[in-house]
Structure formats: C-alpha cells, structure tokens
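Dropping the structures in below, format is structure tokens.
Paired with chain B in one complex and with chain C in the other, chain A is shared by the two complexes that follow.
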Partner chain A sequence: MAFVQNFPFISILLSLFAGPISSVLDKKWAKRLNLFVIVAIGIMSTAVLIFVLGSGQEYVYTMGHFPAPWGNEIRVGILEAAMALFFCVVMFLCVIGGVLERELEIEETKHNLYYIMVNLLLCSLLALIYTNDLFTAYVFVEINTISACGLIMIRQTGRTIEAATRYMIMSLLGSGLLLLGICFLYSLTGHLLMSNIKGQVALIQAAGAYQVPLLTAICLMSVGLAIKSALYPFHTWLPDAYGYSTLSSAAILSSLVSKGYIFLLVKIFYRVIGFDIIKESKVINVLFVFGIAGMIMGSVSAIRESDIQRMIAYSSVAQIGYIYMGFGLGTTAGIIASIYHILSHAATKSLLFIASSGITDASGKSNDFFDLTGSGYRNRLAGAAFTVGSLSMVGIPMFSGFISKLLFAQAALENRHKILIALLALAISTVLNTVYFLKTVIRIYTPEKREVVIDKGFQDVAIWEQSSKSIAMICLIALNLFLGLCSEPLVALIERGLEMFA
Partner chain B sequence: MDFGNIFVNYEEAVSMILFGIGFSNLLMQKNLIKKIVGMNIMDTSMYLFLALKGYISGRKAPIVVDGVQSVEAYINPIPSGLVLTGIVVSVSVTALMLALTIRLYNRYHTLDLDEISTRLKKEGL
Partner chain C sequence: MSRKIPDKEYEKTLSFRLKRWLDGTKDAFVDTVEMKEQEEFKEDDTVVINRTKERQQRMARVYDLANNLGISGFNKLYRIFCVCFCLFLVLMLLIAVSFLPAYGHPENPVNNEVAKRYIEDGLQETGSVNIVTGMILDYRAFDTLGESHVLFIATCTVLILLRKDRKKDEHGNNIDVSDRIYEPKNDVILQTAARVLVPPIIIFGIYVVLGGHLGPGGGFSGGAIIGAGLILYLNAFGFKKTERFFTGKTYKILSVCALGCYCLAKSYSFYTGANHIESIIPLGTPGAILSSGLILILNICVGIVVAGTMYTFYVMFRKGDY
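This part shows the complex of A and B:
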C-alpha cells in the first residue's frame, strides 16, 4: 500500500483535530492554522488525485483493518479526489476573501470559534466525499449542519439567529427523513457499507421482493437530501441565511455546504442503490419537476428582490434547481452535467458574493439596488468580477456557466420524454437570469452624478486597498475562466470518475 | 395490497406513527419549544424502529456472561450501536436548538417563530 493512500484519512483527521485546537488559539493563529490545514489538505488531495489517475482504479481504505462487512471504509476514486481538491480551493478563497468583513462583523473574542466551524465543515465535507459507509455519512451530515448553523449565526443579529433557527429546523426535517431511509435500507439489506448494500439491493430486485419498502427508502433519502440542499419548495430559509450572514459564511454556504449533500445523493444513486434501479423508480421524475419549478421560481424571486445579497441568494435556488433537473433527466449525461454545474456554480457563486460585497463597500455598505449606481467605477475590480460572475451565471461562452448549460441541453436531447420541458425551462430560466443579472451589471456601470456620490459619501476602493478580497476575486475569475475554457478534460475526468463510482 | 402485516408488525407501525407526529410537530408548530419536542419525538421513534429491527425474540443483549459464546444466544448488536450514535447526534442538535431558542427569547421575548419573523421584517436587523 502506497503512503499516498493514507492521505484521505489523514486529511479528514487533520481538519477534525484542527477544530478543537483552534479553540485555545488566539485570532491570528487560529486563522493561520485554518489556512494551513486547507492548503495542506488541498496538496494531499492533489497527490491522491494524481495517484488515482496513475493507477486508473479506485481503492478501498479499511479503517482499523476490519474486513468488509464489519469495518468502516473510505473509498477513493478520481471524482472523490477531484471534488476534495476543488472544495479546498473554493473554501480557501472564500475564507481569505471575507477577512475584512469578519473583522467588522464578528465579536473580537469569537474569531477563533469561527475557524472551529470552518475546520469542522471542511472535515464533514471531506468525510461525505470519501466515506463508503451510509451511517457515517449520516453522522457527518449532522456535523455539516451544525457547523453551517454556526457559520450563519457567528454574526450576532436578530436576522441571522432567526435564519439559523429556520435553517436548523429545515435541516433537521431533512436529516430525519434521511435517517429513516437509511434505517429502512439497513433493515432490508442488513448492511451499512455502500457496496454491500448495492449487492443486496440487486438480489432483492432480481427476486422482485420488497418493492414498496425499497421505493420508500429511495424516496425518503432523496427527499431528505433535497430538503437539506434547499430544493425549491424547501428554500425558505435560504435567502435570510445567505443574505445576512458574514461574507465568508455566505460564500461557503452557497458554494460548498449544499453541494456536499448533493454529492452524497449522487453517491447514493450510483453506489448504494444502482442507477438502473433509480431510473426505473419514478423518484427522479419528482426531482425533475421540483428542479424545473426551482429554476423558474428562484429566478422570479431574484428579479423581485432589491437587496443584492438576497438576489444572489435567490439565484442559488435556481441553480440548485438546475442540478436536480440534471438528476431528473435520468441519464449519465445528465448526472455529468449536474456535477459540472456543482463545480461551475461553486466557482461563480462565491465570486458573486465576494464581488457584491466589494461593490457595496464602494456604496457606503448599502445593499440597496439604487445605491449601487456607478459602483463599478468606484471599485473597478469588484465591478469586473461581478460582471464575470453574472455573465457566467447567464451562460455566455468562455465562462463556466455556459459549459454546464450546454451539457444540460445535450443531456436533455438523450431523453425523449423530457426534452421539450427541459429545453424550455433552460431557455426561460436563462432569460430570467439575464434579466436580473444584467440589470444589476447595467446599474453598476451607469455613471452616478458627482454631487450625489459626494452627498452620500461613497468612497472609491482601489484594488490594493482590500488586497485579500482582490486576490480572492482574481483567483475566482481565473478559476471561472479555467472551468469555461478547459472543460473537455474536466468532463472526461468526471466521466471516468463516474464509471469508477458505480 | 396486504395490510395484514401492519397488525403483525404493530411495533413498527407505532414507531412510524410516532415519526409522523414528531415530523409534523417540527414542521408545523409555531412555538419553538414544541418544535424541539417534536424533533425529539421524531428521533426517538427512529430509535424504537432500529431497536425493533435488531431485536430477536427470546435472545439477550450481546454481552458475554457465563462463557456463552454461541451466536444463537444474542440479538443483533449493530442497531443498538446505531441508536447510541443517533442519541449522541440528537442530544447535540437539541442543545444547539435550545441555545438558539434562548437567544431568540432574550431578544424578542416570544417563542413564536412567525411573530419573530414579522417583527424582523418591520424592524430590520
């Protein structure tokens, strides 16, 4: 066994222990430790990715050396390693992008608590990515929820506490359903390891027994994870939670937390149940319908919103809808498109959040739409970054959003029954996206009268003034262009990863 | 469809009914404390379900006494382990929810989540 193969386990443990250690450190060292851990895990994930690409097959890491049906396992393939690396990159940029906001919005003594939450969140995301055990996945889903709740309420206002409460309530409903589904599946198959469950499920299916309980289990798990990742009718907590929490939290929550659950759902589809059985069950049609509803209703809500942060938050509802629409197509191409959209949405949404805070900094910290007039001139980098993010969300070629929309459209062509609805929804949603994003871009590049700027006391923000935010924005723009321009090898990578996944 | 099994496995049916009660309480009650109680009912019903799934009638908990090593003597220990893990999770989540409730109560002097929301909309932050 090569030493590299230990890295997934080490990276989970590293982030897990960095959390409690941060509690006794002061603000500066807690931040350094956190950034060090993220970078170290990123490097380790790269090494794992190179190793798995080289060996061409996934490997199983048994925890405590207990053999398969009894022990706990980590399973690492191309997709897992690539996802871990990507999450580390985005999380690093989100954490450094929001340094200034955290200084202002978090109480002086509570900074190290923030880094505990970030470390635990990273730990739970990694565990969700790597684990091969369904109950372990459940436990880390809960850790993910609790740390995300901490991230929301670290900025102590009435709004954030209320948002955190609503978030917890919805999440607990979701995890209750998920746990019930796992219990059903365990009582049907007698296993908790994903690969063993799949073997038993295939036998059950072949014998034609227990059809209703199996369908119930699939439904419960899908709906549970859909609630947790804020699929359309369950999104009510989302705008408050993203709109009023501190910048890093909003960026991390929108780009990573919900994606962890979606990745777990892909895992359940492919590795636990088997994609053929999922296709036969009608669960994906339900996901398809709600995905479509989310794509349109999320965008409509975003158009009606005049607070820029909340507008971006509502746009997340639409993008989650896209991802579930891809699941609903019921083809491997659809799943590939969804996974690509996870990447492109994570890169774009964190960029948009950071850029929007940059342009509000140049508008006297006001989130109001009309105060943003001309802010693209007052903070040039943030204006450019917001434009890039908007163009990517709308789906202009060169940027990452275009590729995911293209992949969705191509995937829709393979499904005869859903092609019309899927393409129509894509078109409508794209138009709606254009309305609210380009409306904002035009607003921030409409020159404001000199006397109004002086009257309201708006300050120009130079690139070097907020260096950490500028670095984060430049890196995220680069990441966006990379995803948009080098999509072919990435799609091939996802395809190979999914083949390994099953 | 055969509904006769419901009366044979009435314990499971009871646990599912409890789950429904807890779930709808958590979803629909306005009062935060009632929500938390609902959440606990939901989690406990799950432990009942798991414990039932692991129990084999006439057998004992898998603790070796008097040197009895035979598998036939004991129940399935894994669901019991899952219940323990589940209890840990639910305790921490309950603690967090109660802490949030205290914060909200200190700020707004009410436990009604909808009223808090309407007041937030009126007053801003």
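This part shows the complex of A and C:
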C-alpha cells in the first residue's frame, strides 16, 4: 500500500485530534493550529486526488485489523478526494475571511472553543465524505450537528441563541429520522456497511420481499437529510442561523455544512440503495416537487427581505432547491448537475457573505438595504466581489452559476416527463434571482449624497485595510471564475467519480 | 527593460486610471457619463402621520390576541394538524414495522456472518470476555472514537452557551453572581450521607471502568457513575471544596490527555491494520485484568471523558463559573 493512501485516514484523525488540543491552547495558537490543519488536509487531499486519478480506481482503507463487515472502513475515490480538497479550500477562505468579525463578536476567552468547533466540523465533513459505513456516518452527523450549533451561538446575542435552538430542534428531528431509517435498513439486511447493504437490497428487491419497510427506510433517510440540509418546507431555521451568526460561521454553515448532508444523500442513493431502486421508489418525485417549491419560494422570500444577510440566507433555500431538483430528475446527468451546483453554490455563497459584510462595514455595520446606497464606492473590492457573486447566482456566463444552470437544463432535457416543469422553474427562479440580486447591486452602485454619508458617519474602506477579508474575497472570485471557465474537466471529473461511486 | 514614459502619456494608460479608481481620487463615471440628479423624495406631513397611525392600528389589531380570529383560528388548526400528522406518522411507522422480519427469529437477516464472527471469534480476536466491549472498542473502534468526541464537543457547546467569565470590580469582588451564594451550606444530613456514599460510588465507578472487558460495564457506564459521585460531592460540600481538585482546567487537561491517548492508540492500530503490519500489542490471557490489548486503556480514556462531561454539564447548569 502506497503511503499516499494513508492520507484520508491521517486527515480525519488530524482534524479530530486538533479539536481537543485547541481547548488547552490560547487564542493565537488555536487559530494557527486550525489554519495549519486545514492547509495540511488540503495538501493531503490534493495528493490523494492525484494518486486516485493516476491509479484510476478507488481503494478501501481498513480502519483496524478487522476487514470490512466486522470492522470499519473508509473508501476513497475521485469524487471523495475532490470534495475533500474543495471543502478544505472553501473552509480556509471562510475562516480567514471572518477574522475581524470574530475579534469583535466573540468573547475573549471563547476563541479557542470556536476553533474546536471548526476543527471538529472539518473532521466530521471529511468522515461523511470518506466513510463506507452507515453508522459511522451517523456518528459524524451528530458531531456535525453539535458543532454547527456551537458555530451559530458563539456570537452571544438573543437572536443567535434563538436561531441555535431552532437549528437544534430541526436538526435533531432530521438526525432521528436518519437513525430510524438506518435501523430499518439494518433489520432488513443485517449490515451497516454500504456495499453489503447494496448487495442485500438488490436481493430483497429481486425476491420482491419487504417492499414496505424498504420504501419506509428510503423515505426516512431522504426526509431526514432533507430537513438537515434545509429543503424548502423545513427551511425556517435557516435565515436566522445564517443571518445573525458571525461571518465565518455563516459562510461555513451555508457553503459546507448543508453540503455534507447532501453528499451523504448522494452516497445513500448510489452506494447504499442503488440508483435504480431509488428511481423506482418515486421518492425522487417528492424531492423534485419540494425542490421546485424551494427554488421559487426561497427567491420570493429573499425578495421580500430588507436585511442583506438574511436575503442571502434565503437565497440559500432557493439554491438547495436547485440541488434537490437535480436529484429529482432521476438521471445521472441530474446528479452531476447537482454535484456541480454544490461546488458552485459553496464558492459563491461564501463569497457573497464575505462581500456583504464588506459592504456593511462601509455602511456603519448596518444590514439595512437602504443604508447600503453607494457602498460599492466606499468599499470597492467588496462591491466588485458582491457583483461577481450576484452575477454568478443569477447565472451570467463566465461565472460558476451559469454552468450549473446549463447542466440542470441539459439534464432536464433527458427526462421526458419533467422537462417542462423543470425548465419553467429554472426560468422563473432565474428571473426572481435577478430581481433581488441585481436590485442590491444597483443599490450599492447608486451614489449616495455626500451630506448623508457624512451625516451617518459611513467610512470608506480601502482594500488593504481589511487585508484578510480582501484576500479571501479575491481568492473566492478567482475560484468562481475558475469554476465558470474551466468547467469541462471538472464535469468530466465528477462523471468519472460518480461512475466509481456506484 | 521598462523605460520611463512622460507623465502625460502615463496618465492615458489603463493602469493609471485603475489606480486612480482604486484610490477613489477620480470616479470613472463622473464627467464621462451624463448623470441626472435624482429628485428628492418628498412627502406631506399628514401622509406620514396617517401612515404611522394606520400602522399602529394594524399592529394593535394583529397583537390583540384575544380578539384576533385569524391567529386563534390558525393556532387551533395548527394543533389539529399537528395531532393528525403525528397520528399519521405513528400509523405509518407501525405499519412499516409490522412488515419487518419477526423479532428474534433465527432466520432473520440480522443473524448473519457478522454477528456470528463477533460471538464465536470475539474472545479470541479481541481478548475481551465482554463481547460488547470487544465490539465497540476493537472491531468498531472508529465509531466509538467519534462518539467520545461527540461528548467532548457537547461539553464545549455548553461551555460556549453558559460559561461566564469572572468579571471583577475594582475591589476584586465578583460582579456576576453565580449560584455559589445560594449553596446549602453545611447541610448535615447531606454531608454525612455524602461522606458515606461518595467514596464507594467513585470506587465502584472505577471498578466498572476497569472491568469493562471482563464483565458488564465499560467506560461509558463507569464514567457516568464516577460523574454522579462527583456531582453528589459537589452538592454536599460546595464549589470551594471541589475546586481544590477539579476545576475547568483539570477537565480540559484530563479530556485532552484522554482523547489524545485514544486518538494515538487507535491511530497506531488503524495504521498497522490497514498497512498489514503485525501489531505489537499482546492480547494477554482472556479474563485477566491486564488483557485484551488496548481495550483497557481505551475504557479508561472513555471513562474520564464521560465523567468529566457529566460533571461539567452539572456545573454549567448550576451557573458555576468554571
């Protein structure tokens, strides 16, 4: 076994161990350790990705001395390694982008607790990506949920505590349903290992036995993970949680946490149940309907919102709707589009959050829509970054959002029954996106009168004044352009990864 | 080689204009694009007054909960819908359960080669007499590693939520009032009972932790017992006495050591296992206290984490400032 193959295991253990270590470090060293861990894992994931691309096949890594159905194992393929790398990049940028806000909003002695949360969140994301065992996935879903709660309430205001409570209740409901689903599957198949469950499920399906509990298990797991990733009717916790938490938390939560659950759902579809059985079970039709509803209702709510952070948060509801709509199409092309949208949404949403905090910094920390007038001139980089993010979300060519919308439209063409609804929803949602994003872009580039600016005490923010935020924004803009301009090799990569996945 | 160009020519270059735009000395649109002053938005005072009055009336109507038919109707419907939905869910799950394989039947899919190997070879392969301990700490140690970090991160979240940093005024007295001042001081019955009970409870907890691989017990249950003993002691004697040996710092150091030990021990066994290297840890004779490889150490680690977690929860919920 090549030494590179140990890297996924080392990355999981490294981030896991960095959590407890941070609790005895002071603020400065905890931050350094956190950044080091993220960078190291990013480098290791790159090495793994190169290795897997070179060897052309996935490999199994046994966690311990006992082979798979008895012990634990992790499974590494192209898609897993690419996801791990991407999550590390986005997380790094989110963490450095929010340094200034964290200084202001977190109590002095609680900084190291924040880095514990970030480290363990990264660990749980990696474990969700790599694991080949349903119960291991559940354990790390728990870690993910609790650390996300910590990330929300680290900024101690009444709003965030209420948001964290809501998040906790909804998220635990989702976890409970997921666990029930896993229990059902276990009693039907007698396995927790994904590949073995798939074999058993195929046998059950061929024999035509246990149809009701199998369908129930699929429903419970899909609904549980849909609740956790804020699919439309279950999204009520989302705007408060993203809108009021500290900047890096909001960026991490919107771009990574919900995506981890969605990736797990893809895994369940492909590796645990088998995509053909999922297609026959009609569960995807339900996801399709709620995805469409989310695409439209999320945008409508965003239009009615006058707080810019909450507006961006509601836009997440719409984007999650896109992803589930892609699942609902029931074709491999749909899944590829969804996975691409995971990437593009993660890159864009974190950019939007950081940029919006940049323009509110230039407007006296006010999130109110009307105070933002002319803020694009007061903080030029943030204004440009916000524009890039908005154009990407709306789906202008050259930016990442365009490619994912194109992929969704192409995927919709393959499905004869849903083509009309999917294309109509895409068109309506794009128009609605345009309404609220371009409205904001026009607002931040509408010159404000001198007197008003002086009267309200708005300060200009130069690029080098908030250097960490500027670096994060520039890198995220570059990432966005990269996703928008070099999509072809990426789509091919996702396609190969999915083939390996099944 | 770059050559110096005259200022006039330089002013025409793109880089100069970009720099000027970035500096904010010159706006790219001023003087080049025709701009119209926007008309100022004016409103009559009466309109404004009417609007605020209307809004107040509307709010009063909405928040008049006793007479607001819409809200009370919605609440009623909400309750009815909740009950219906729960009944539907219960019914659905009951129906689904009735289709599951019969409980305890030997032909069930659950009774397969996985369970068989755990039961038949568990003692030999892990050296642990208690098969459950062997399963959670050796076969599936990765899950338990995650699980113990769940406890740790739960404590951290409670610390984020409830810990108050001591703020002192100029005389060095605490400003924030913690529950310490309400402590029942020197309650004779409680103290006598605690004096008798706490040592056996903690010793029993330690026994349960150490005997986890020999019989019923293990880190999770033993740790809970030790934590209960600590909580009883705290209740009887107050924060001042417990802080002689257990403070927030102790908890941190203990949990870092325990989790670090767990991580390192398991990293070794994961690494050797995956790379097919023979592990040097002997399994010992099953039934002896020093046997079953790493399981004893891992049980102790888990026990420490669980006890610390329980105690910390209790301290935090009593507004103790750790």
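Everything below uses one rule, namely that the second predicted complex is superposed on the first by the 502 of 502 C-alpha atoms of A that agree within 3 Å, B and C clash if a C-alpha of one lies under 4 Å from a C-alpha of the other, contacts with A are read in each partner's own complex, and residues count from 1 in each chain.
Following the convention adopted for this analysis, a residue touches a chain if its C-beta (ideal position, glycine included) is under 8 Å from a C-beta of that chain, and two chains touch if they have at least 3 such contacts.
Computed from a predicted model, the values in this text were never measured in an experiment.
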| item | value |
| --- | --- |
| First (chain B), second (chain C), both or neither touched by A:159 | first |
| Partner chain in contact with A:71 - chain B first, chain C second, else both or neither | second |
| Touching partner for A:116 - first (chain B), second (chain C), both, neither | second |
| Which superposed partner A:140 touches (first chain B, second chain C, both, neither) | second |
| A:62 touches, of chain B and chain C: first, second, both or neither? | second |
| Partner chain in contact with A:187 - chain B first, chain C second, else both or neither | both |
| Partner chain in contact with A:19 - chain B first, chain C second, else both or neither | second |
| First (chain B), second (chain C), both or neither touched by A:213 | second |
| Per-residue touch tally on chain A - higher for chain B or for chain C | C |
| Chain B versus chain C as contact partner of A:9, first or second or both or neither | second |
| On chain A, the residue positions that both chain B and chain C contact, one per complex | 135, 139, 142, 146, 149, 153, 161, 180, 186-187 |
| Touching residues (chain side chain B, partner chain A) in the complex | 19, 22-23, 26-27, 32, 35, 39, 42-43, 46, 49-50, 53, 78-79, 82, 85-86, 89, 92-93, 96-97, 100-101, 103-104, 107-108, 113, 116-117, 120, 123, 125 |
| Contact set on chain A toward chain B in their complex | 135, 138-139, 142, 145-146, 149, 153, 157-159, 161-162, 164-166, 168-169, 172-173, 176-177, 179-180, 183, 186-187, 192, 244 |
| Complex contacts: residues of chain A adjacent to chain C | 1, 5-6, 9, 13, 16-17, 19-21, 23-24, 61-66, 69-72, 107-110, 113, 116-117, 120, 123, 127, 133, 135-136, 139-140, 142-143, 146-147, 149-150, 153-154, 161, 180, 184, 186-191, 200, 210-213, 216, 377, 380, 460, 463 |
| Sites on chain C touched by chain A in the complex | 21-22, 24, 27, 92-93, 95-97, 99-101, 108-115, 117-118, 125, 138-143, 145-147, 149-150, 152-154, 156-157, 159-161, 163, 165, 252-253, 255-256, 259-260, 263, 266-267, 269-276, 279 |
